[in-house]
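Below is one structure. I have some questions about it.
Going by the order they are written in, the chains are A, B, C, D, E and F; count residues from 1 in each one.
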Amino acid sequence: MTHNLGLLASWQRVLKRELLLAYRQRNDILTPLIFFIIVISLFPLGVGPEPEILRTIAPGVIWVAALLATLLSLARLFNNELHDGTLEQLLLTPQPASVLVFAKIVSHWLTTGLPLVLISPLLALSLDMSSTALIYTMLTLLLGTPILSLIGAIGAALTLGLRGGGVLLALLILPLYIPVLIFSTGAIIAASNGFSAEGHLSLIGAYLIITLIFAPWVTSYALRVSLD
Amino acid sequence: MIFQKYAAPKYFYPLAGKCLPWFGTLAILTICAGLYLGLFVAPPDYQQGETVRIMFIHVPAAWMSMFIYAMMAGAAAIGLVWKIKLTDTFITASAAIGASFTLLALLTGSLWGKPMWGAWWVWDARLTSELILLFLYLGFMSLHSAIDDPRRASRAGAILLLIGVINLPVIHYSVEWWNTLHQPTSVARIDGPRIHSSILTPLLIMAVAFKLFYVSVVLIRMRSSILDNEADSRWLQEQGA
Amino acid sequence: MKPRHKKISFIALAVFGLSAVTLLILNTFSSNIVFFHSPTDISEGKAPINQTFRLGGMVKDNSVKHNKDGLKVSFTVTDTIKDINVTYKGILPDLFREGQGVVVQGKLLQTGEFKADQVLAKHDENYMPPEAKAAMEQAARTLLLPKK
Amino acid sequence: MLQANALAAERGGQRLFSDVSFSLKDGDLLHLSGSNGSGKTTLLRMLCGLTLPVNGDISWQQKNIESNRDAFNADLLYIGHRHGMHSDLNALENLQLSTQQLSNSTMVFSALEEVGLSHHLNKPLRLLSQGQQRRVALARLLLESRKLWILDEPLAALDVDAVEWFSQRLAKHLENGGMAIVTTHQEASFISHVSINVVLGS
Amino acid sequence: MLQANALAAERGGQRLFSDVSFSLKDGDLLHLSGSNGSGKTTLLRMLCGLTLPVNGDISWQQKNIESNRDAFNADLLYIGHRHGMHSDLNALENLQLSTQQLSNSTMVFSALEEVGLSHHLNKPLRLLSQGQQRRVALARLLLESRKLWILDEPLAALDVDAVEWFSQRLAKHLENGGMAIVTTHQEASFISHVSINVVLGS
Amino acid sequence: MTHNLGLLASWQRVLKRELLLAYRQRNDILTPLIFFIIVISLFPLGVGPEPEILRTIAPGVIWVAALLATLLSLARLFNNELHDGTLEQLLLTPQPASVLVFAKIVSHWLTTGLPLVLISPLLALSLDMSSTALIYTMLTLLLGTPILSLIGAIGAALTLGLRGGGVLLALLILPLYIPVLIFSTGAIIAASNGFSAEGHLSLIGAYLIITLIFAPWVTSYALRVSLD
């Protein structure tokens, strides 16, 4: 009786809807970016403008800010959808939910992670980073922010609609974020000290691939549990 | 199936009641024996001297922290697939114990680290991953308690537990994969333990003692949570009468 | 796509991904990372001047020299291939010995000398009572003796 | 054919209902009634596969819905208390991007016209009145041809004209061999088509 | 006496209605009707002083409501589409802490009993069903003695018993000299008490 | 016909309700606190544990974290109330809205600002601060966090229900927060360097008094406008 869309078309439709929504709520979408910028620019204000110190703490500041900005944006990931009932509809489409959830995660990264990557060189310069450090900052953000979105999606799905979702979410996903933070700042510091950062980068890469494979699937399962 | 029969609270409750005294007594005996051997009989180490005695708490506690997590994750998988309610009772009873052992391992470790390494704490892979294990325990406990619906709580908790399993091999192999400040494996080595038998024996006894202690406490906690959950079921009232 | 095909393609994807992961991790083992750098690393790399990092290796036998005031100490860290001289002012951990592992944090000076502000001792996996150690050394010596 | 077998539900550890069974054939309309809090919404979500029953099972075309989720979903249209539309997208975008069938904008436009919203195409949904929002959600009935409709209080906030329109649309669906499960506390003309009555909490 | 004088409203730059005038005396019931989106909710909020009219004015006991806000608010009870209760507090707490009159828990308890919720006292509101939540909101009618009721679709999600209860409660209020303004798309027995009919968008 | 509550009783009732709600949503309430702790403890992770550097950046880190934690909590201040309709009810009570709004602000400070003040000594210690610096950190937080709540309430009311309230809020209130940040870190640094911090402290005090007088009133007016 029905002529439903194929898997790919369905995926694209969800992605398109998410991006359109992001565009409509563009101020909301900008929040993590602005937050990122604010955190990083408040630092020289609070710490004092000594370039020596700034340069030392720069990788840490940038990555902590990126972590927090992502954490902030996660509350929004499924919450509106829960309240207006579109999340139920997502689980009721005749396509594997994990594929559609993946589209949502991709859109989340495109609207929160990617802007951070793109703005980071500017901020790195304002913190007086060397050009090597700057390049590795961008590179680690490019590899690392998708992990933040992927893991974050699991956390957001598990804590969906719970009172105090905020803290719980932080408590659940920060332990899983810590390796990203350590490897990334490690890579930047190693590279700017003239060592090879290959080891750090390949670990981040491995983590990215593992989360890419498992996160959409786990997230969709967690959503099902949370909506029960 | 016999397994499924005893997974029903109605059968499990009395069975656990019968086993408990045995495990409890054995646990107390082995702990006493292990502590006596470890603190008074075992010789000091050729390099660390008397400080080595922290090992008899640190190492078994660290092993337990991983062992309990593995048990919980296994139970979570069984619970998700076969929908057995008792697994959740077991998991929630274990969580706090596992978290305590993890904390104990971290505390004794850093207590040991200060004199030996010259630092309470460093961010090497072994220490960091063990800290993450503690956070996983805490995250699981708060997630479980934040959800009021029991079925959702157990399923969501199970997902989190299974995600965290990946941390276990990282903890164990971290000392071999990366250069850490923490020492490499001494006991479970292909070429045999690198600990002299006079030190190894109390260590292994303490490891067994901690396991017995864990089983006893889990049984106690499971029985009391069954009492809470099934307060108004018929079999329990019959048993009370 | 039939459900069965879907499932198969998912599994294929997973297998592909996992093998890529293993490759990447294997790649990591070959490149020593994370906690400290070895003397060889440093002499090969463009040894960064005036940047804080960690250096790890063995304390070379007979290299430890205590200053008069007792707080200042200098020693050599080696990975049997390359050596680096380290100076340090402060209290050393109990396990700091010649022939033992050590991790020092500090800066490489223009002179090629490493100025440490933290010294960490690294313990190996061997535990035994002093008598056993003595017996072992005894055995080693007797084994070595005939060769002499 | 939708078959429910000895279903039971619990909420917060309390039993809501048990032993609910029925089977729905082509052209059947099931009216689910019961007082506030009797578990209607819970039952409907269970029939969609969103909530797992504590007991009993549900099958669609002889196959359990849990193990054949995608096939079941392809035949199912659920509209709940929450309308399932994004409040920041306008009616046109919502419908175009939420339906699972290929639909061009003329089709969507004519559906919106039929539910009386052709003047509010470009307003984000949150600016529409309660009744208008529900009308947008119900426009999905025109755009997706699914065999089984599960509707939770579709009439809430609708005015008299819209209720009448809905009744007619439902009758047509049943004529075409579709099935539907509906709850409502209101009177409406479609009640005359009801072939199965399930009353909860009595 | 509530007097509305040549009221007009705009929303998003569009005129919704204009020249709405009426006056409401003790014991009067005004029924506001109109199709979806005709501006009923907008008008009610305007009468409460939440939305400013683009034209016209509203007075209560001969005084403009804007300049005598506190006095007007002391006589007004408004329940809107949104029920105005905290979803994390339970029914008892919500009522006890939201009413503006001294009320002890026995009074609140008996009010909740009257609306049929005595079994759900300790559940946070978000766990109650739609109809149960509305019942809690309507329990305020029993606890606060205000002269003027303004109710926006009070019957939404209520079952038949609750609708009947509401009708009787409203009749009693009018008998005691109260006034009320109500919108609804549903049939209910209180319609027979309506003394003024205002139809929007015709 | 009615026997309404007096002004004070009404005020107390709102405060009581807010605190009860806070207790019910205690996990939500903990979010800013946990966030504060996390930001501060992530720093040594990212920056490296050199005590020298940590001590220098400590006042800045603590105050930036406090600012961000407050910013985070503001989204929650009126938003739930808007969606469940209780905000309308607040404006319809027969008491001056500004007085009731003040009760809300007090409860906001008690549940977000005060916990930060109380936990700060612990965090200060972990950042290796001196005891003078520690005392001044507490003192400036005690004087400064109420200002953050008061100004934040205005911002939250103005951006209520707007798409992208988040960024707007940040953009509106951060300029007003910056003086607090500068005076406070200034006070801590001055005190720990042995200078008098009196000047900074009295500036913060003056700011506090001004906001105490105007903020509740401005907030209630802004709420009325936002609900129109």
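The rule we apply is simple: a contact is a pair of C-beta atoms (placed from the backbone, for glycine too) under 8 Å apart; a residue touches a chain by one contact, two chains touch by 3 or more.
Keep in mind that what you see is a predicted model, and the values were worked out from it rather than measured.
K.L.:
Would you mind checking the shortest number of contact hops between subunit A and subunit D?
P.N.:
1
K.L.:
Under the over-half criterion for shared residue numbers, do copies subunit A and subunit F use the same patch or different patches to meet?
P.N.:
Subunit A and subunit F contact each other through largely matching residue numbers.
K.L.:
What chain sits nearest the middle when you go by CA atom centres?
P.N.:
The most central chain here turns out to be A.
K.L.:
Out of every possible chain pairing, which has the most C-beta contacts?
P.N.:
Counting C-beta pairs in contact per chain pair, the top pair is A-F.
K.L.:
Between subunit A and subunit C, what distance separates the C-alpha centroids? Give it in angstrom.
P.N.:
Between these chains, centre-to-centre, one finds 34 Å.
K.L.:
Between subunit C and subunit E, tell me the centre distance in angstrom, where each centre is the average of that chain's C-alpha atoms.
P.N.:
76
K.L.:
In angstrom, rounded to a whole number, how far apart do the mean CA points of subunit C and subunit D lie?
P.N.:
Chain centroid spacing, subunit C to subunit D, equals 66 Å.
K.L.:
Once you find the CA centre of subunit A and the CA centre of subunit F, what distance in Å lies between them?
P.N.:
About 27 Å separates the centre of subunit A from that of subunit F.
K.L.:
Going by the contact rule already set, what residues in subunit F reach two or more other chains?
P.N.:
Each of 24-25, 27, 45, 48, 163 in subunit F touches at least two other chains.
K.L.:
Mind pulling the residue numbers of subunit C that touch at least two other chains?
P.N.:
25, 28, 32-34, 52
K.L.:
Please output the residue numbers of subunit E that touch at least 2 other chains, ranges allowed.
P.N.:
81, 88, 127
K.L.:
Hey, which residues of subunit F end up touching subunit E in the complex?
P.N.:
Residue list for subunit F touching subunit E: 1-5, 10, 13, 16-17, 20-21, 24-25, 80, 83-86, 88-89, 91-96, 227-228.
K.L.:
Give the list of subunit E residues in touch with subunit D in this complex.
P.N.:
11-12, 34-37, 40-41, 81, 116, 120, 123, 127-132, 135, 153, 156-163, 185-187
K.L.:
Hey, which residues of subunit B end up touching subunit A in the complex?
P.N.:
For this pair, the touching residues of subunit B are 123, 128, 132, 135-136, 138-139, 142-143, 146-147, 149, 151-152, 155-156, 159-160, 163, 166.
K.L.:
Give the list of subunit C residues in touch with subunit B in this complex.
P.N.:
Those residues of subunit C that touch subunit B are 25, 28-29, 32-36, 56, 91-97, 100, 103, 118-133.
K.L.:
Provide the residue numbers of subunit E that touch subunit F in the complex, in ascending order.
P.N.:
48-52, 70-71, 73-76, 78, 80-89, 93, 97-98, 100-102, 124, 144-147
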